[in-house]
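Each of the two complexes below includes chain A, the first together with chain B, the second together with chain C.
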Partner chain A sequence: MNAKANKNQVTCIEPDYYQAITEAIRKEAVKILKDETVVGVVGYLPGRRKGTASPALVTTVEEAEKLIFSPACVNNLSVYLTKAKKGVLKQGKVGIVAKGCDMRALAGLMTESQLQREDLFIIGVVCPGVYGFGVERTGTLTEANIARKCRECTVHMPEGADVAAGTHAELADLTPEEAQEMARIEAMPQAERWAFWKEHFSRCIRCMACRQVCPFCYCEQCLCDKNRPQAVESSPRPAGNMAWHLVRAMHLAGRCGGCAECERVCPMDIPLNLLNRRMAQELKELYDFEAGLTPVDKGPLNQYKEDDDQSFIK
Partner chain B sequence: MSRIGVFVCHCGENISRTVDVEQVAKAAGEIPGVAFSCDYKYMCSDPGQTLLKKAVAEHKLDGVLVAACSPRMHEKTFRKAAEAAGLNPYLCEMANIREHCSWVHEDRDMATAKAKDIVKLMVERVRKGKSLAPITVPVTKRALVIGGGIAGIQAALDIADAGHRVVLVEREPSIGGHMAQLSETFPTLDCSQCIMTPKMVDVANHPNITLFTYSEIEKVDGYIGNFQVTVKHKARSVDESKCTGCGICMTKCPKKKIPNEFDQGHGMRPAIYVPFPQAVPNTPVIDRENCTMFQSGKCGVCAKVCGPGAVDYEQKDTFTVEDVGAIVVATGFKLYTIDRKPEGSPIQGYGEFGYGTIPDIIDGMTFERLASASGPTGGKILRPSDGKEPKQVVFIQCVGSRAREKGISYCSKVCCMYTAKHTMLYHHKVHDGQAYVFFMDARTPGKGYDEFWRRAVEEEEAVYIRGMVSRMYQRGDKIVVMGSDIQVGVQVEIEADLVVLATAVQPQDGADLLAQKLGISYDKYNFYSEAHAKLKPVECATAGIYLAGACQGPKDIPDTVSQASAAAAKVMTLFAKDKLERDPVVAKVNEKYCVGCFACKKVCAYGAIEEKEIRDRQGNLIKKVAYVNPGVCGGCGTCQATCPSKSIELDGYTDEQIMAMIEAL
Partner chain C sequence: MHAATKQHDFEPKIVAFVCTWCTYAGADLAGTSRMQYPPNVRVLKFPCTGRIDPVFILRAFQKGADGVLVSGCHPGDCHYMAGNFHARRRFAAFRALLDFVGVDLNRLQFSWVSAAEGGKWVDVVTELTERVRTMGPMPEFKELEHEEQWSGAINTPELKEAYDSIG
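Take a look at the complex of A and B:
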């Protein structure tokens, strides 16, 4: 718990900070399993390799005592409620370990009737950040190995959770790499920007990992798998790739919680979160909407207000 | 392989003038799956329809495309013809090569090419089309009439006389509307009250009419044949079931100097009041803004003197939900506020006329009250400032109306006639007086109208001056009216004792808000829009809602009554059926793939989407999906555009059809 406030120095969050969160999660998980508040807890267990963690559904007190939280706990666990372990909610109330960005996904899923708040026990994590990808995944979290999204995180405090694990760490101001990259792309002439994305999308192999990991891609039949009529070409060719990524970005507009899981799992390193963030920026400018930690009645694109900005209609 | 027939219409010369229809028909014949194509001068005529029917039989057609005008115009016509020929009517589609093509283009070659493209893609839509069966919905044979003026009263009486139940809702404490305020009516000069009040009594006594005065429409749900309307009953502070209408409360009320709205503020009324002696119902209402009891909590005189104990200071607004099958909107008009620019309105005022600052400049309705036997002066023409009889009166027409630069470009229609009437009433009452009228044109179409106007000019000595007034100001106790006589070409200055402005007719305040509740359209002035200016003048584009009177546009009493009876006839036509057939162009949910995000429910403007539970045989919930109530669905397709997984589709406009159309291009 000795985060350094000086931005000229490298951020460093010691492992014992995460250890404290781990203890808090274990205590809470054991408690709610023991008193049968929940039938299971979705959390993280240590991975087989050192410095890794793997998502897990624990249903016993013994297992719950093994739960951890570390900078390697990168996954957004909300997909385990809607897609990966869909049946679990039918058994009863479920506990879930959620970072701020995961909480936004949970809130969005509640807005879209996929989850009910009363079915969940949310163990919110006061998360100082997680590892980025392709970095050294051991020891302390430093400016060198923190994930890009965490540099600009605004939801360290998981407000609205049933309990919060951890205490607020003092965090250094980090270079907003993502914002800088967005500004750089925005400044490009249109043709160059088009070429930039065309190049990125042309490398897409259509493994659909971005879709599978996304908490909001919960459709049972994706529009892109539909073949009568076919809306998006399914083989990995430039035109279909472009169509897929545009559909993905558009479908996430006004919904995406910014967990950046799509970008993390992309084997071709396509900077997908930049697209998501650009759409979010658009929604902020047009409708003053930001994905939050609590569900809303109607998302910004599902409602009409008389004073809606109409300037985009040309 | 499909066997589609393509029928290209010339529409007289409307289409053939700019589109080479023969070429279009020939090109259509070459599209794979088109078994027959031809062109004809008037496809919608009887020989044209016969041609279509014969071709269906002879060429064993399984789909029909008529390339002609807008489907709004003739889709029904051709679908009926196709049905008569043995086809499912929904396998007949129209390609609009008139509004979308010939009317908007000049270059013949390019217009022809575009017409061919339109036909080509519509052939694909027909090919992917499916047979549909109409949906039937029950009809509640009870009508709602909004507005208790002459339009609403006439419509309510006609429907009620036909044996159907009617709910009449009026915003004010009494029915009667503007007609009850008028003195005498053109062109026969019969007393307005004498012909109006018996009708008001008929409404009150009619066994089929439920009358809600001092009430407003809060919310409208449902659809044709099945509306649920929430009515807000504003607190009257007087229990209608107990009040006997004796009027003692009004005579004893200590606060008597409140300007009476019914007399345009020129008479006085107490805080507990009925708007006028002939009011229906004859139940007073407490004006809480002006009542001492409500303002300071001390008084209570009316409650003390009321024998039956009907006065209730604690009364609250109540709400009821009325089930009705049809709605007649008859909310009427108001007169243009001329002294200043209303806030947030594009309409400019007439500050230069001094209305509102010079007391003897009044509007037409105030003159009606001065001339009325029941008015504040007992029917004597006396000017408001000093109560003297005016010897020179100037009437000014078209104040607000036909003044594009002031924001209103339409003609208010009734002013020419009522100004002529005013000059006559004035002449009848002040024999030595002189009336002057400033006018642009005298518009007098209507039975007996021009004769009436000529009588005002020729026999009743009104001086008509063609020209407009530029300015008016007070000099001593006179009003100086400066204007121009454009026929003689001179400036005119008249010293008048009284000036009457024929101000524009505008829709009632809140007309737009009511329209939004009802889901009907209105124009830029807030007049309600009819479905078709010529052929559907009393219907709204929203099924089951009809228009009557000046809420649709300025109208005199004969026109209003005609339209009200027409609207009533439309309601009776609807009520003649027990079940309604509805177009089956409604959305359907693919329950297999619906994940129940209910984005469709959130965007549905008709409230047609519900949540449906899917359970297994043991009754365990499998999932929740969207369900479209076909009776409520308006077929707009917003849900289809919103559904992220494309699990909801509009019959007749399926994704498959649309994609095939795009690919055909």
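Take a look at the complex of A and C:
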């Protein structure tokens, strides 16, 4: 796979590349809307400001001709199928534009029977990467403005999609910033790690954007909103914040697809994906589970083996 | 009548989450057999280890526990067939998470104690209590509980100037 990837490594990705994906998405979206394969397509429309994009559900051919894909298309659209646009699925098959990381979320939701593959028409994007947070949104995508998650992307090819838009290309020589940060935290003494997370969690304002944006946080009633008995304090104080983030990480363990949307939307810049990543790493080590592009029968915490490791139990 | 009990400077609070079918019965056996074990442990009974949510453990620490014990049936003996197998995976993951955020895992003990193992219950509780006693009180979560907001210092000159101009 690496040999193949190396061939297409480039130093910057020109707008033309995204324009080609845009054309492919438009063509496909128009086609499936015209022949009534789908009732609507969840995709991206241009944002009001230059260099932005906003998620949209398009239901007519005219609208479908305006769909775009650009490095500003950061959102994971699968969240619309479990939350805001949940009702659309009842009307028929829905098309969705999905990057590799979004496909992992879709696969996870199918694993959990929240979505059915036959209800979806997946327009996969061969995504070279998207803009990071707070960077200059100029025409080209370079090493300087690519998102942190894209630096270590392993799912450039959306395998298993109904149709793939684009040709493979990726940036060369990206430093794995997140892996370096993980290694740095894991090397810290325990007290320092506590201080690090305490400082981050204490800043949390409990806006719950991380929950709203997560495709897997689809519970109608969240444990953390409940009182009587109250499991997690709901006011933005350090005690409740710590509990909320730990519960969140725990509830996403073995499910998270690693789209890092939680980290992107966090107004306080808490490195939430590090927690998800740590859990994913642990489940890989213990139970050899990795979030992939195809649905599985059961997630790692919903199944067991009789000979699971129990060295920590007396 | 009684041997003089040793006085300690610090008596740890231990919360034990136990399953009703095995460990609770095991603890009961220890009691009816008149075995002695530290009275520091507060036993909370659950239907199954599978019912014990990691959030209970967090809450115990936040509300002042210095150590937490989670105990249930041996693998294969679960009254509900597979509750403890699921719990085993969940707690393995939860331990990793706690370790990652910097909690000392020596304060959290998992064990399998069957209804016939009164002696093992005594051993587990005694060992955990003594271990936590040597470690001293657990300050981390209690400090969090008493903090009202972000303790961040005012560290930019502009903010400092604005702050000074108020008063």
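Odds and ends about this structure:
To be clear about the criterion, the second predicted complex is superposed on the first by the 298 of 314 C-alpha atoms of A that agree within 3 Å, B and C clash if a C-alpha of one lies under 4 Å from a C-alpha of the other, contacts with A are read in each partner's own complex, and residues count from 1 in each chain.
Assume a residue touches a chain if its C-beta (ideal position, glycine included) is under 8 Å from a C-beta of that chain, and two chains touch if they have at least 3 such contacts.
Just so you know, these numbers come straight off a predicted model, no measurement behind them.
When both complexes are superposed on chain A, chain B and chain C end up clashing with one another.
Of the two partner chains, chain B is the only one that A:Ser113 touches; chain C does not reach it. Looking at the shared chain after the overlay, A:Lys34 reaches neither chain B nor chain C. In the superposed model, A:Lys298 lies in contact with chain B only, and not with chain C. Of the two partner chains placed by the overlay, only chain B lies in contact with A:Gln221; chain C stays clear of it. Once chain A of one complex is fitted onto chain A of the other, the partner contacts of A:Ala253 are limited to chain C, with no touch recorded for chain B. More chain A residues lie in contact with C than with the other chain of the pair chain B and chain C.
Of the two partner chains placed around the shared chain by superposition, chain B and chain C are both touched by A:Ala231. Only one segment of chain B in 23-31, 95-103, 401-409 or 437-445 runs into chain C in the superposed model, and that segment is 95-103. When the two complexes are superposed on chain A, the residues of chain A that touch both chain B and chain C are 223, 231, 302. Residues of chain A touching chain B in their complex: 90, 112-114, 218-223, 226, 228-231, 251, 298-299, 302-303.
Those residues of chain B that touch chain A in the shared complex are 592-593, 595-599, 602-603, 620-621, 624, 642, 644-647, 655-656, 659-660. By the touch rule above, chain A contacts chain C in their complex via residues 185-186, 188, 190-199, 202-203, 223, 231-232, 236-239, 242-243, 246-247, 249-250, 253-254, 275, 278-279, 282-283, 286-287, 300-302, 304-306, 308-310, 312-314. Partner chain A is touched in their complex by these residues of chain C: 53-55, 58-59, 62, 75-76, 82, 85-86, 88-105, 109-112, 124, 140-141, 144-145, 147-152.
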